[in-house]
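Should a chain be cited, it is by its letter among A, B, C and D, assigned in written order, with residues numbered from 1 in that chain.
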Amino acid sequence: MSLRYQRLLLIILSLILIITATMLILYNTRENISYFYTPSELNYSNIKINKLIRIGGFVEKNSFNKVSSSTFNFRITDDLNSIYVNYTGILPDLFREGQGAVIEGYFQNEKVFNAKTVFAKHDENYMPSSIKSKLENSGYWNKNY
Amino acid sequence: MRFLINSKRFNVFADIIFKPVLVLSIVLLIVGLIFAFFLSPDDYQQGSTVRIMYVHVPSAWLSLMTYLIMTVYSIIALAFRMPFGFIVNTAVAPIGAIFTLVCIISGSLWGKPMWGTWWVWDARLTSVAVLFIIYLIIIFINISFENVRVREKIAAIFILVGSINLPIIKFSVDWWNTLHQPATISKLSKPSIDPSMMTPLIIMTIAFIFIGITIAILRIKTEIITRENI
Amino acid sequence: MIFLHKLLNFYYREYKLNLSGFQDILTNITFFFISIFIFIFSIGPEKETYSFLGVGILWTLLLLSSTLSLRKFYQDDFENGNLTLLHLNGFSFELIAILKTFSHFIFVQIPFLLSIPLASILLNVGNEKLYRLTISFLLGALILSSLGSISSSMNLLNKRNYLLGSVIVMIFSIPIIIFSVGIININENFNSLVGILSGILLITFAVNPWASGACLKIAIQNN
Amino acid sequence: MLLAQNLTLCRLERIIFENISISLSSGKIIILKGKNGSGKTTFLKTILNLLEPTSGTIYWKGKLLSRNLYDYYNNLTYIADKTSSIKQLSVYENIKIWKKIFSSHMNYEKIEEILSILNLKVFLGARVSTLSLGEIKKLELLRLMIENKKIWILDEPFTNLDMETINLIGQTFEDHCKNEGCVIFSSHQDPLIPVSDEVNL
């Protein structure tokens, strides 16, 4: 097998390998490298108690309760399912109802989640606060600006 | 456009454009900073902290752009045997590393008040950290081999292998759930940022590009001179 | 047919080489076990900790100890001119890289693979996890061999800073670690993670001969 | 068979050798002469297509070398100035490995015969690392017989060898040439064996 033939064969082989690999990876990575789970994803798979996981979603409107100065509970939702969360600690600036958040912690039981850390997740929209209030006043405000 | 692949022509061209570029980068930086600090409005959610974006986003873009340039020059240099590509690679790698570092530092300064943490290991942040280490390794390769002709080729091959990381960085926020928000400005859709905040961002980006070009010109010229004296 | 014969004879040579240098591989495995002991002594013998941490520790140590054997990869054959000889015998540099990668996998990584069950007993990794660990390490070891080939061929002419090779392997092995340890710890969906790992494996297989071949060529030209 | 025309090689803007032409056909022995560092090894590497000449062309059997590389490689034996035998293996194992990777059909009786001529037969079971430098070199030269190719390219084959062995090798070169083979070797001193052509670097 001559040197040029070896190379030619190898080029073809590499191309096939790369195509297969991209297909394998794209097919399999859809949900696997998630930094967090959404509440709905958690409902489908069985909830593991006492295992560190992260849940991401929005803080449900009208669910935020301040129990004491540093203890809070709220629900985290993705519009389909929601999970009840207990948290003791300091909340980040951006944390408020309707805002995205990622929480890290353990399930106390099937329904109650004990958060150890709360991250606020902000979206890719940036806009001046003056315009936002104008938009709200005129009724044009929606999340997908 | 021959000055992009030929060191003699580059020298001539660089001498012409260096001063304008330098002046332009300083002016743009000052204007951009004025816009960023005084003229741009507060964000409806993040308040004043959003101003970190005007440093964070340009440096992130430039760290990727620098790597992309290095990848292109590696291909050119290896495939068409143009030694100027190696010169550019050697000169530009530290600049990319600095931009990545600025991106990481400003990002964690932004993350602490907004997300509530300096650092998380989600896909975007991890891949950018990897990019930084890749830049470091390129610099290490460039200083630890004795033979110039060897190390430039090895570095180019390493750059090509490492370029697998680029699409991962770019699309990590779209492919996977991350704490990092998705891209604000993409080609396919209308940018989800208000014009009043878009202006300083663009000015700052152009300013960063010009700063990068200024340093790159200086470094490439020194690199050419060093190689002539071997 | 003659070519196939040549390939087999290449492996005969590799077999002889590795058999005579088997104490190196044994030292490597000893290093691996001693690091496990050190982990146990420094963290404490609590069993629950290790059923949680064990897989991660195992992977880290496997990675570290397999980077130790990288120096053997091409360096000896390069320095005594055998790589040139093989090339003059009708093997392209790319083919040499592929053959050497598999030889490293067979003669260096497989002994490691055999020592995993013992190590997992020491670290209290359960049987079910052991099965997954073995499969993921089988795939991961092939990737590590390819990465080792790339990095050690890059390092052939590097006389000053040999650690650079290990750093290169480690930076590229980050995705393997993410997925391999992910296989055992976080995700329930084993099959799709095996799919990702084999995807990475195929990519490294496609990249390895070209990158290593080019580096080998540069090294031989400039020696 | 092998024709090199006007080979020039520059490295880092330094000329290593310039305008060298050789023509190697069967029955020829060419010696490359030159001082230390005059580029003998580099020239041989260029002829082996391991290095690319800055200018000049090499032909093998009338075709460009790079177009006909595999056939060329199938017809040559290269003995580098380094020894390629594996130090930690025995002489016998080394010979066995060479026999395998070069798909040699030479039988062991013949090899033993040559070994006894070279005074190496007693070391058959010994490790290569216990041999003296001259003996290792002789073992290396054994590869010429094992590979049994047409062109022999040797880099400094006579270092560490005694006069007796050098004459023996010179004899072998002549025998090889009678069998339509050809030899090109480099040397920094005059080895006092008959050669048909001389190239000064």
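For this structure, a couple of remarks:
Just so we're on the same page, contacts are C-beta pairs under 8 Å (C-beta built on N, C-alpha and C of every residue); 3 or more make two chains touch, one makes a residue touch a chain.
Small disclaimer: the values here were computed from a predicted structure and weren't measured.
Central chain by Cα centroid: C, whose mean Cα position is closest to the mean of all protein Cα atoms.
If you compare B-C with A-B, the chain pair joined by more contacting C-beta pairs is A-B. Chain B and chain C, compared by their mean Cα positions, are separated by 33 Å.
Computed from the mean C-alpha positions, the centre of chain B lies at a distance of 52 Å from the centre of chain D. Centres computed as Cα averages put chain A at a distance of 28 Å from chain B.
Centre to centre, using the average C-alpha position, chain A and chain C are separated by 35 Å. In chain D, the residues that reach two or more other chains under the touch definition are 70, 73. Residues of chain C in contact with at least two other chains: 90, 178, 203, 207. For chain B, residues touching at least two other chains, in rising order: 149.
Within the complex, the chain A residues that touch chain D are 2-4. The touching residues of chain D, counted against chain A in their complex, run 69-71, 73. Every residue of chain C that touches chain B in the complex is listed here, in rising order: 150, 154, 157-161, 164, 167-168, 171-172, 174, 178, 203, 207, 211, 214-215, 218-219, 222.
Put simply, chain A touches chain C in their complex at residues 1, 3, 6-7, 10, 13-15, 17-18, 20-25, 27-29, 31-33, 45. Those residues of chain B whose C-beta lies close enough to touch chain A in the complex are 41-47, 49-50, 53, 113-117, 120, 122-123, 175-179, 181-184, 192-194, 196-197.
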